[in-house]
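Next up, some structures in structure tokens.
There are two complexes below, and they share chain A, which is joined by chain B in the first and by chain C in the second.
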Partner chain A sequence: MKSPRVLRVAGITTAALLAVGTLASCSSDTGGGDGSGVLNITLANHVWTDAIKESLPEFEQESGIDVNLTQLGEDQLSDQYNVKLNAGTNEIDVMMYRPLQEGKLFAQNKWVADITEQVEGAEDWDWSDFQEGPVEATTVEDAVVGVPIITEREVLYYRTDLLEAAGLEVPTTLEELEAAAAQISEANPGVAGFVARTGASAAVTQFSSYLYSEGGTWIDDDGNAAIDTPEAKSAYEFYGTLLREHGPDNVSTDMSWPEAMAIFTQGNAAFYTDADSLYKNAVDPASSTVADTVGFAQFPAGEDGSKPYNVPSWALGIAAESENSENAWEFIQWATSQEKMLELQQAGVPGSRVSVWEDPSATEDYPADLLEAINASFDVGVGFDRPLVISVAEVREIVGMPIVESITGGDVDAAIENAQSQFQEFLDDERG
Partner chain B sequence: MSTGSPQNDRPTKGALDSFSHWANKHRKWVLAAPAMIFTALLIAFPLGWTLYLSLTDSSGSVRADSEFIGLENYGEVLTDFDRFWPAVGRTLYFTGGALAFEMALGMAIALLLWRPFRGEKWVRVAILLPLVATPVAVGMMWSLILDPNIGFANQALSWFGIPPQPWLAGQDTALTTLMFVDIWQWTPMVVLILLAGLTSLSDEPDEAARVDGASAWQRFWYVTFPLVMPVFITAILLRGIDALKTYDILYATKGKGGGSFHEVETLNVYAYGLSFDYNDYGMSSAVLIIFFMMIVGCIWLLTARKKRSNR
Partner chain C sequence: MSSVVDKQPAVPDAARLPAAFKKRPKHPATRAYGLFRVLALVIIVLTFLAPLVWMVLSSLKTNVDIYDPTAAFVFSPTLQNYETVFGQASYLQYIFNSFWIGIWATVLSMILGVPAAYSMSRFVMKKSAAVVLMARIIPGVSLLVPWYFVFSNLGLVGGYSVLILSHMFVLLPLFVYIMMSFFDSLPLELEEQGQVDGLTPIGAFLRIALPLSVPGIATASILSFIFSWNNFMFALVLSGSSTKTLPVAIFDFVAYASIDWGGLMAAAVIITVPIMVIALFTQKYIVSGLTAGATKG
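Up next is the complex of A and B:
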């Protein structure tokens, strides 16, 4: 027998190893996959996905390709890509991803294939019909790595009945928005004047329109952090004050759009700012108790005018290790064809093709005021809604901190100063 | 080759014989081999790999080129007072608090259930219910109950004139609230283990103490508790390890990074974020290795204590 001491040490080590189960998550694995005729498609939970899912049989029949669809929530989707693509799997062929969030990272990691030749070679499909901004976002260092499928802009959602009862006009400036929110919440106990995302990371994209409209931005022309400018400060303070003073009672600081949207659609808030691509949630009686009384308007103007973001939120790419890239490209062509995109846009998903936007039938079911707000945003929109860096997730937490500090009534100046120095350090680090 | 049969006649028999002879001689190794291979493959290899990663600047993709940077990651982690040390503090607070309540409550409930009584079966089933619920569902259920505006918890408080509490939404209250959710869910397991220990005890020492006129408290403290001590320590070990690595309810209620202020970010949540949000595998591995050493340390302390109590 070995000495009891050795056994004990071995026992302790084993127990501790079992305790740190997470360790195994980083282990390397060459992955399975059979490279057969089945096309593996990984999509996020989205109105787009629901619509495309319905017409998948049509694609399978036309092309003779069997499709295997995996559908996941946003965060779970990112984690899946992380685990599987890190392991070099060939189990993923078509991947739906967020160009502004993960595009640079995926391209740098060589997780997405360069499809420049394919997009430029497909003349009937017409790459030049795609909007300029979205195309820029899916092009990394002159290589096209994705085809934009969904675009979105920040708009103002409001309750027509509450505004009417208060005798108010639709706010066109941020100042008017604050005054209207204050007046309505005072007159209607239990109803918040305003609601929006509050989570440090989740709020960043929606806060960006406030930042731009006040004249600020994330990174200045010299590539330095710019969130401590007076413009940025006033945006941070405005967004936080709006939620703190006129937002829901005991406002949580973990809200992303599902939570904030729920407060609005349950009739507990008068104003809400978020992406236009979510509008179905507010006007569909199945998910909204205020479906009949929702109005839309262009994002209110700040010191520097109305500058909502206008971004491609999702794109389709082909995994670099895919052994099925020809079929993958065929699927992407089908899903982003002019015909299909028109159909999807009619179903309520704002797309990325110029010709589709020009076609009146694409948006005939959209609320008229929403369409007006969208069209106005095209002219003044900013092409990004978060700092354009490689490790976006990390940076969102940094620049989002002052938002939360401002919502909870903390020391915003100190938070901004702290965030600015961390952001600068991060940028220096990333540039190497 | 124990038999004299010619080899070309029955070659397999000779090979089989020699194998069984060998296997017989090394019986303990042969029997233990599957477990040892399993351990080596699924535990030692990942640990070794993590250790290796922790000494590199691996980031972005694990398969990308990375440089060996020695202990730099450890230096960075150990001097990180923004995220790492607060996470250590939260891990210890959560584990210590949950464990203390779970052990005390668990012991009390186990003692109540020890002696047979009417309706015992129903009470046991009711007590075990939280244990069989999946943690993510538990997290979601409690987020609803504890919602500051529409949750049942604040409504119940209002019946007694107590002002509404922020619970999970509060920067200062979130971790403690989750600690109590953990206590709610896992005390039954402690009860189960302790009850098994109590039932296996002989009645004689207790009866002897009774005859000697010991009070109920004295009988518990000087007779029952010392006897059940080994089981008690086993329960601490099992629950303690589990509590240290709690992840599910934290993630289900507060999401990535443990909330906007990282208010419930424990070491496990932090390491996960470093890996999956920041793609910084070197740092993440260093945090995990340090976490691992902490757990080894805790277990070592406990088993040393157990050994002493066994003497």
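Up next is the complex of A and C:
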């Protein structure tokens, strides 16, 4: 009796082991990373990526390099980098990253390679053609670690029909913006005068243009926190008041761009400030009910003039541990060449090359007033839209708190004081 | 039960029936309770159903309609979102990946976990049980970096096996713990009886304990499969572009400057439906798994 039972158990166990073994052996060959001819490219979900993906076969044919593309949402991409690069992987060659959000961290951890020699050595490709602000953002301690591919600026979105009905001109100063928002929301019940991001962390980048235009900044020249200056205070108060008094009823305090943009594209707000890279959401009839009546203008001027951010939102870098860096550099050169960037800009991705922006064919499809607003922003723009630190996510929560307090009508001064001391402590820590 | 049984013979049948009918309206408290129960049920069901209904409706809308409160229930439905999901987004592959990984992880955890639970229960191996539980307590995210390091050196990252193994890490303790308490509740006498009749201890396990614990195994399997199906974190880091599971793939609809809500909702429906169908058909096992046993009382 005994042996058949034992055999049965043994049989089951063997089957299990065999199954594991078979599975292990049939594991896919996409991993690899043994420095072979396959180039591993990790990109974010973006219009840019979709356009590049279409022309990848072209690159593979020209160069003879096989490309393995991984595409992820921006937060998932960050998570992957944090895990994989931390583990010292060599399975990432080309990486698309956000210079302002992660650039400093990646450079400090030596996750991205120094490509100064390559960019300066490639004469035909012409590094000097790239815009100054974005280049600054991908250069960490004099070492170039990335090539900016996509840029964005904050602009004013507005409803041409509502302005016309109210007999108003497009506001050019923040004061005019407030007055116009008040007038329109009074005349049109149910329509908010103004909408923008309200979430503590999400609003920081869009609030930055208000801060700069009022004459404030995040960190002063000595490297100390500067969000309790009178200029910063008035910016915090202005942004909050605008949303509290003239924003949507019962405004939520965790809106990022999808929520704020939805209010605007449903025709429930007259003015909206956000990144120009989102303009397609507003002018595309498939996602906007006000597609025909959207206007664009340069960011309104505050006490210190109009100072919108003008930043590189994405860049391409080479992973430091890559064993394929030559091919990676070849890919970057191809993807950021003048003709490719022109092609991509025509597809609606604002690029980072001066010559492309000067080419009229690059922006044919852009709304004329948007193009005007963008061009005006180049001259006055500030090269960063959040504090330039290593742990950006953490600091955004700190400096974003007074924004929320201001929107809800709480004690802004106390919130600023609190945020200032936390921010200062954070900076001291980070300096070590 | 016993009290009702005792009373029955005392009342003649003919007298009992009309009395029962007359009694009902006399208890307003019972009626109020009944009303309350229905109301509470409706509220709870609506609360749980609302997001699902919203999801299904949104998956049939265009992106403009999704944000339009006036088009909440009245809109012209479109199947375009589903076309996107099955057409350009190659969801069939991801559905297969999720099933494949979920089934293997569950089956392997079952094969290893059930005998383990049996021996831990019968031979009182409290310390081993505690060690197994540790695996359940450690937050998964803290394991990702070392796992990635080990598995990428083994060349397994991007394949199915690494995902199955990582899911098993969580499923195995789940199996062991559910089955341990199940075996604990099985009377030892049944197996002893079997052994008296000539079974080996393993025979007693296979012929007596195992068949009696089918409801427990079903419960654990279903919970395991659902965990594996929904797991996002392990798949995010350890999967490759061709072995992506559904929860990771759904993020393809969220891009930097645009979100395809319609496509996202259609994909969410596709992720939810199989698991709901499985849960509906296996519900009776889960319920009986909680009450079944060889001897009652």
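Please note the rule applied: the second predicted complex is superposed on the first by the 398 of 432 C-alpha atoms of A that agree within 3 Å, B and C clash if a C-alpha of one lies under 4 Å from a C-alpha of the other, contacts with A are read in each partner's own complex, and residues count from 1 in each chain.
Following the convention adopted for this analysis, a residue touches a chain if its C-beta (ideal position, glycine included) is under 8 Å from a C-beta of that chain, and two chains touch if they have at least 3 such contacts.
Since the model is a prediction, treat every value here as computed from it, not as a measurement.
Novice: Examine A:G88 and indicate which partner it touches, taking first as chain B and second as chain C; both and neither are also allowed.
Specialist: Both partners.
Novice: Applying the touch criterion given at the start, work out whether A:D79 contacts chain B, chain C, both or neither, answering first, second, both or neither.
Specialist: In the superposition, A:D79 touches chain B and chain C alike.
Novice: Considering only the touch criterion stated at the top, classify A:K280 as touching first (chain B), second (chain C), both, or neither.
Specialist: Only chain C; A:K280 stays clear of chain B.
Novice: Between chain B (first) and chain C (second), which, if any, makes contact with A:T198: first, second, both or neither?
Specialist: The answer is first: A:T198 touches chain B but not chain C.
Novice: Touching A:L342 in the superposition: chain B (first), chain C (second), both, neither?
Specialist: neither
Novice: Look at A:N68 in the shared chain and tell me whether it touches chain B only, chain C only, both, or neither; answer first, second, both or neither.
Specialist: second
Novice: Between chain B and chain C, whom does A:D249 touch in the aligned arrangement: first, second, both, or neither?
Specialist: The first partner, chain B, only.
Novice: In the superposed view, which residues of chain A touch chain B and also chain C?
Specialist: Chain A residues touching both partners: 8, 12-13, 15-16, 19-20, 23-24, 26-28, 79, 86-88.
Novice: Considering only the defined contacts, which chain C positions touch chain A in the complex?
Specialist: On the chain C side, the touching residues are 62-64, 67-68, 104, 108, 111-112, 115, 144-146, 148-149, 152, 155-162, 164-165, 198-200, 202-203, 206, 236-237, 240-243, 248, 251-252, 254-259.
Novice: Write out the stretch or stretches of chain A touching chain C in their complex.
Specialist: 1-2, 5-6, 8-9, 12-13, 15-16, 19-20, 23-24, 26-28, 30-33, 44-47, 68-74, 76, 79-80, 83-84, 86-89, 91, 258, 262, 265-266, 275, 277-278, 280-281, 285-289, 313-314
Novice: Help me check something: in the complex, which residues belonging to chain A touch chain B?
Specialist: 8, 11-28, 75, 78-79, 82, 85-88, 105, 108-111, 198-201, 248-254, 256, 390-391, 393-394, 397, 400-401, 404, 408
Novice: Which residues, counting only chain B, touch chain A once they are in their complex?
Specialist: 39, 42-43, 45-47, 49-50, 53, 60-64, 148-149, 164, 166, 168-169, 171, 237, 241, 244-245, 247, 254-257, 259-261, 268, 271-272, 275-279, 281, 284-285, 288, 291-292, 295-296, 299-300, 303
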